[in-house]
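Next come two complexes, and both contain chain A; in the first it sits with chain B, in the second with chain C.
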Partner chain A sequence: MKKLYLILSLVLVLLLLSGCNNLGALSLAIEPDEISLVRTLGVEKSGGEYLVTVCTASGQTRNPEIYSAKGETFSLAVNNIMNLPQGREARFSHTEQVIIGEKLAQSGIDEVLDYIERSDSMRLDTDFYICRGITPEELIKASTGENISISDSLSYLRENIGSLGGGYIFTCLDFASGLGQNGCALVQTIYGKELLTEGETELFPAPGTFALFNGTRLEGYLTENEMRGAIILLEKENTQELPLGIAEGVVTVKLQSPELKLSAEKGRLIITVKVKGDIASVSGVNSVREDELRERIDREVCSEMYGYVKAALDRIGSSKLDFAGLEHRAEIMGQRLNGTEPEIYVEAVIERTYDIIDPLPENGRSLRP
Partner chain B sequence: MKGENITARQLAVTVFISLLSPFIRILPRSAVNIAQNAAWLSVIPATVAGFIYLRAISGRTAKSLSSRIKYALGNFGGKIFLSIIFLWLLFYGGFVARSAAERLVSTVYQRGGVSVFLWVMAAASALAGGGSLKGLVRTGEVFSVIIGVLLIIVIFASVMNVELENLLPVKVEDTGKILLGSLPILDVIGAGLYFLFLGGSVRSRDNLGKEIGKKFLSTMAAIFGVMVVTVGFCHYSLIPNFQNGFFTVIRNITIFGVVERIEALIIATWILTDFMLLSSVIMICRKILGSIFRSGESPVLAAAFGAVTAAVGSLFPNAFVLESFSDLYVPVINMTLTYILIPAVMVAGWIKGQVKGEKYE
Partner chain C sequence: MLKKVHEIREESLTEAFNASADLEIRHIRVCGSIELLLTYIDGLCSSVTAAEDVIRPLMSLEDCIDEGSAMERLEKSVVYAPSVKSCEKLSELVGDMLNGRIAIIFPKLGKALTFEVKSTEKRAVSEPKEEKVMKGGRDAFVETLRTNTALVRKRIKSEKLTVRPLKVGKQTNTDVAVIYIDGFTDINFVKEAEKRIGSIKNSDLISSATIVENISDHPNSPFPQVITTERPDKFALNLVEGRVGILVDGLPLGYLVPGTFTQFLKVPEDQASHYAIASILTALRYFCLALSLLTPAFYVAIVMYHQEMIPIRLMSSIIDAKISVPFPTAVEVLTMLISFELLQEAGLRLAAPVGQTVSIIGALIVGQSAVEAKVVSPVVVVAIALAGIAGYTIPDQDMASAVRIFRFVLVLMSITLGMFGLAIGVALIIWGLASMDSFGVAYLTPFAGSRGRYIKRAIFRISMRKKRDREPELTERRER
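Coming up: the complex of A and B.
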C-alpha cells in the first residue's frame, strides 16, 4: 500500500508539477519557435521617450529580425517589445551587445544601467557601445541584411578590434564597476561606415575612440592617442599595429598588450610600461638587421608609447576624471597621490622574427628580383 | 523512539546544509552594506565568534534544548518560553518558504506564480519534517555532497572573474566596519542553535560540539569563497542592486566559452537547502510542541505546520516586504533569541544547577 501511494504521488508530481507542459499547475511551457532571442539591443531617447530597437538571432529558417518599441521609461519600452508579432516572445538572456545612442548618453544612462544590473536574464558581461553620428535604430537597421546582422558585425569587431583601429570593448560590468570605483568610465564608440559590397553601398559598424562618462552622463570623447594611453593604463588586452615613420621609410610594428607596472612611494606614482612587439612589415627600408636601426625602432616605439600614456594622463588631469583608476590603485599600494603628476618610464623590446623572412644579406642588398 | 537516533555528525551536517539557504539569501549584500569592499574579511571574525559560540552552546548538550529550558525556567515558565520559540519558528518557516519561492520565480520560472512553489515546498517539507529524524538527516547527508561539489565547482570557476581592485584596499581603519559586517553572518550562525532542539536524539553526545565545530569550519570556508568571488566580481556598490549577488556571479561564469548560463541549474539545486531548512524547522516545531504537551509530537501535526508556513508565506504581499523582513525583522528577532534570550536561560539553568547541586547539561 505504501509503495502504491509512493508511485501515485510520483505520477501526480510528474503530471502536475512539470514546467514542460501546459497541463499542470506551473504552465510554463513555451516552444522554441515561440521565442526570439535578442542578440543586440539599441536604446536612444526619442521625443522624450525611450526608443528600444532589438535585433534577433537568425536560425536555419529564420533571418535576423528587427523590432522597435517606445516607452516612457526604459523598463516600459522593453516590456512593450516583449510580445513580438506572430505570437513570439523576445528573450534577453542571450543579449550580446547593448548600443546606447548619443542623445541618451548625454542625458544619462542610469535607467538602462540599473535595468541591466537588476535584470534576471541579461548578463553583465554584455558588450557596451556608444553610437556616434547615427541612432542605434538607424545603425541596426542599416547594417542588418538577410544573411548578416549587426550582431555578427559587432562580434567580428570584438575579435578584431586591434587591427580595425579601435580600442577595447568594455562590458556593462566594466562600465558599472568603473563608475563605482572612479566615478567615471569609458565606453567604445561605433559609427556607421559605408562600405561597397557587391556593387552596393552598405553601412557597417566601425570602431571610433572611447566615450568618457562622468557619472552616467556622456562628458566627451577621447582622442586616438588618449584612447591608446587609456588602454595601456587600464592594462586591457589589445594587440595593435603601429606604423613608424623613420628616415628610410615605414616600419610597421605589431605590438602585444603592454605590461604596466605601477609603483608608488611618498605620494609619487611611477608608471613603467613594458611593451613587446614584432616587426610586421617594412616599406622603403632595405634591412632591419642593423643595430642602429633597431635601436631607433625601439626608441620610436618608446616615444609613441610615452606619448599615448602622457596624452591619457593629461586628459585625466584636465578633465579631473580618473578613468584609469590611478588614485584607487595608489590607495591599494598605501599611497595618496594628491594630484602629483606620475612619472612615466617606457621600455620596448621589439622582436626580430621579421628577420627570419627577411631575405636581405648583411650588406642590405635585396636578393629578390 | 524508532528512527530517532542519529549521530552527532549527521546532526552537524543537517545544521550547516540548512544554514546555506539563509547564508546565500543575505550574503554578501547585508555584509557589503556595512563593510563595503572589505565585507569578504567579515567572514573571519564571524567564524571566530561563531566557533566559540557554537562550541560553548553545543559542547555539553546531553539533553535537548527543550529540557534545558524547562529546567532553567521551571515547567510553566519553560513552556511559555518554548511556545514563543515555537510560534517564531512557524513564522520563520513561512518566511523561508516564501523566500525560496520568490527566488525561483524571479530567477528561473518568471512565468510561474509564487503560490504554487510555496505550497509544493511546504507540502514536501511537511512530509519530510513529519517523518523520521533519521530519514531527514540522511537526506541532509546526501544533499550536502551535491551542494558541496556544486559550491566547489562554482567557486573555482568564478575565481577567474575576481579583480583584486574590487577587494582592496583594506585599511586598519576598516576594522570596525569589518567587525560590524560580521553581524549578518553571525545572525545566520545563531540560527544553528534551534537545531539543538533535536539534540536529545543524538546517540553519542560527547562529540557533538566537536562535530559541529568541524562542519562549521568547512561551511565557513565555503562562505569565505562565496564572499571573495562575489565581492571581487564587481565594485561593491553594485552588489545591493543585484537580486542575489552570488547567483549573478554564477550567471556570468563561462568555462572555456563552451559552458555558460548555468545559473538556472544552480538556483534550482539550491532549493535543496531551502527544503532541508524548512523540513528541519517543521521537525523542530514538532519536538518543541512534544515538549510542551508531552504527546504533541505526532507526525500528523507536521501537515498542519506545513500549511501554516505556506499560509504565513502567502501573507508577504511582495518581494519588497520580504526583503525588509529579511534585512531587519528576521535578524533582530533571531539574534535576540539565539544570542541573548536562549543563552541567558541556559546560564540561568547552570546557576540553578550550581545552587541546587545538580548537574545542568
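Coming up: the complex of A and C.
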C-alpha cells in the first residue's frame, strides 16, 4: 500500500510539474519522416481572414515547400495548415522567423502575439519581421526556389544585418517585453529586393528600417538616422560601415557597436556615447596630413553619432512613444525626467588596422602600418 | 548418506563411500603382527608424498606390542606430516579424507589417525582474466581456498587478519572462509555474514550465485549488492576499508560485503593513479553510466515525442535518415538493442579469437549492412553504439548487466509515454535504489542517508594524505 501511494504521488508530481502537464502530448507520438518543420511563418490579413503562409523543411534532401491556409482567427488558420499533403504534419517547434504583413500590423497583432506566447511549441526567440510593400505570402513564394528558401535568406540576413544596411533583428520576446515595459516596440522591416541572378531577376528579402508599434498596432516607420539612434539608445549589437566625405575623398570607417552611458541629474538626461572603429579604406584624400585627417574623421564620426541620437530622441519626443525606455531607465536611476532636452556627449576612438587604397601624399605620413 | 554407525571399520568406511572407485584401502602389517588399514581418496592426496612421508616410515616401525602403542608412536613421531589428527567417529574420518588427508585405521581400537598430504595438483596463480590490471598486482584468485587466503595474507601482514572457517552445502561440504580485520571491521558485519552463509541449506552445488543470492539483502534486484572480484589486491583494499571478505573453496573469486552503489564504479587503479586523474575518471564513469542507461530511451523520447528539443539541422538529418527506413523508430531501436545484446553474448560464449572476430564482424558488417540496406537509420546505430560503449566503462560486470536490463525498460517506457515515461522510469529506479540497503548500509550512500558530506568521496578520489583509515559509510551504520 505504501508503495502504491509512493508511485501514485510520483506520477502526480510529474503530471503537475510545469512542462509535463500537457497530457495531450502523450498521444502525439509521431515518426520524424511524418513531420514537416515550419521554418518561416508569414501572416497577413486577407478578406477579413488570417492568411497563414509557411515555408517548411522536411530534411536536407527535400526541397523547401510552401503552404498557405486561411482562418477566421489566427489559431484556426494555423490549425488549418497543420495537416499537410502526403500525410505529413506541420510542426511549429523550429520556426525561425515570423513575418507579419503590413495590413495586419496596422490592424493589430494581438492575436498572433498571444498565440506565440501561449504556444507550447513555438519559441519566443523567433525572429520578428514586418513585411513592407509586399505581402508575406508573395515574399515567401517569390524568394523560395529549389535550392534556396526565404528561411535561408533571412538567416543570412540575420548574420549580416549590419553590412546589409539593416538595424537589429528583434525577437518575439524583445517585442513583447518592449510592449510590456514601454507600451511601444520596434521591429525590423524587410521588403522584396530584385536581384539579377544567372540572367533571371529574383526577389530576395532585404532589410529596411524599423517599424514602430504603438501597442500592438503599427504606428509608422523610423528613418535611417532614427533607426541608428534607436540602436545606440537600446544598446543593441550593430556594426556599421560609415562612408565619410573628407577633402574631396571618401574615408570608410567600420564602426563597432557604440557604448552607451546614461545618467540623470536634476531631471535631465545625460547621454554619453563612445564609439570605436577602424578605418576600413581611404580613397581620394590627397591633400590632408595624417593628424589632420584623424581629427576630421573623429569629428565626422562624432557628428554622425550625435545626429543619430538626436534624430531618435526627436522621434521619441514627437511621437510620444518612448521606444528606448528612457523614462523607465531614469526611474531606475531614481530620477524623473522633466522634459528638458537631454545632453548628448559623443566620443570616437578610431584605429587604423585596414589597408588603405590610395597612398597618402609624400608630405603626409602614411597610415599604412 | 552416513548411517548412524560411528565405529571406524573397513566395512563402515566402504559403505560410507558407497564403495566408490577412488576410495583406496590398503592392509599393512607393521611390527610383525599388527594389521593396520591405510586409506585415502585417490586424487585428493599426493600419492608420492603419501608413499614417502607416511608409508615408508610406517613400514620401518618397530617395537610395538599392540595397536595402542603403534597409534601413540605414529601420532607423536615416525610420520613426516605437518598435521596429524585423531578420529574416533566415522564422520570425522570421512570429513578429513574428503579434505585430502590420508588415514591410518586401527581396526581393533576403532580409531584412526589422519595426516595432511594434500595433492599439490592445483592451478597456478595467474593473471586476472576478467578484471584488467594496469597498475597493480598481476595475481588472481584460484580455486584453492588456502592459496587464496595466502594471497590475501601476503598483502595484509597483520595478526589481526582473521579467517573464520565455515562449511556450506549438505552434500558438498564446501569450505568457506569469512575474512576480516579483527578490531577494525564492524563485528556486526561479520556476524551477519556468517549467519547468512550458515543459512545456505538448500543449495548443494556452491556456485557464485548461491553465495551472492543468499547473502544479498535484496536478491530480486538486478543491481549487485556483493562486490565480486578475482583480484586479491582489490579484495585486500576493501578489507582495510572495513568490509568483510568471503572466500569459497572451488571458486576463484572473492566476495565482499557490504556492497554499495558507489563501490561498483571504483577500480583499484584509482588508488594507483594521481588523485586528480582518478577523480576525473571516476566522474567519467558516472557520466558513462547515465549515458549508457539513458541514451536509447532519450533518443526514442525526443524523436517520437519531443522533436522541438532537437536543433533544426540535426532534426533535418534525422528526417533524411528516417525517410528511407520502413520501420517505426521504436522497432528500429529495439531491434538494434537486441542485436547488440546478441553480438555481445555471442562474443562472450565463443572462444576468445573467434569471439573477437564475431564482435568485429557484427559491429562493422552487420551494422554497416543494416544501414546500407535501410533497415535502421544511422542515428539509431550511433545512439545504441554510444550506449553500448559507455556501458563498457562500468567496471563491475553485474552493475553493467543491471544497466543493460534497465536500458530496455526505459526504452519501453519512452516508447509508451515519451519523456514523461522516461522521467517516471528514472524516478522509479532511483526510488528503488534509495530504498535498498546492504548489511544495514544504505545502498546509495553517500548520496542517500545522512552522509551527504561524503558525496565528494564517492565521485572524487581523496588525496592519500587526507584518506581516513576506514570508509565513513561503514563506521556509522543504520543512520538513514
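As a working rule, the second predicted complex is superposed on the first by the 318 of 369 C-alpha atoms of A that agree within 3 Å, B and C clash if a C-alpha of one lies under 4 Å from a C-alpha of the other, contacts with A are read in each partner's own complex, and residues count from 1 in each chain.
As a working rule, contacts are C-beta pairs under 8 Å (C-beta built on N, C-alpha and C of every residue); 3 or more make two chains touch, one makes a residue touch a chain.
Please read all numbers here as calculations on a predicted model, not as lab measurements.
Once the two complexes are overlaid on the shared chain, A:Asp278 sits clear of chain B and of chain C alike.
Contacts of A:Glu331 after superposition: chain B is touched, whereas chain C is not reached.
In the superposed model, A:Gly180 makes contact with chain B only, not with chain C. Of the two partner chains placed by the overlay, only chain B lies in contact with A:Arg118; chain C stays clear of it. By the touch criterion defined above, A:Glu248 lies against neither chain B nor chain C after alignment on the C-alpha atoms of chain A.
By the touch criterion stated above, A:Ser93 is placed in contact with chain B and with chain C alike. In the superposition on chain A, the residues of chain A contacted by chain B and by chain C overlap at 25-26, 28, 30, 93, 121.
On chain C, the positions that touch chain A within their shared complex are 303-305, 307-308, 312-313, 315-320, 322-323, 325, 328-329, 415, 417-420, 423-424, 427-428, 431.
Within the complex, the chain A residues that touch chain B are 17, 19, 25-28, 30, 93, 114, 117-118, 120-121, 123-125, 173, 176-181, 325, 328-329, 331-332, 334.
For chain B in complex with chain A, the residues that touch the partner chain are 106-107, 109-112, 116, 120, 163-166, 168-169, 233-238, 241-243, 248, 251-252, 254, 261.
Here chain A touches chain C in the complex through residues 6-7, 10-11, 14, 20, 25-26, 28-33, 35, 37, 39, 57-61, 91, 93-94, 96, 121, going by the rule given at the top.
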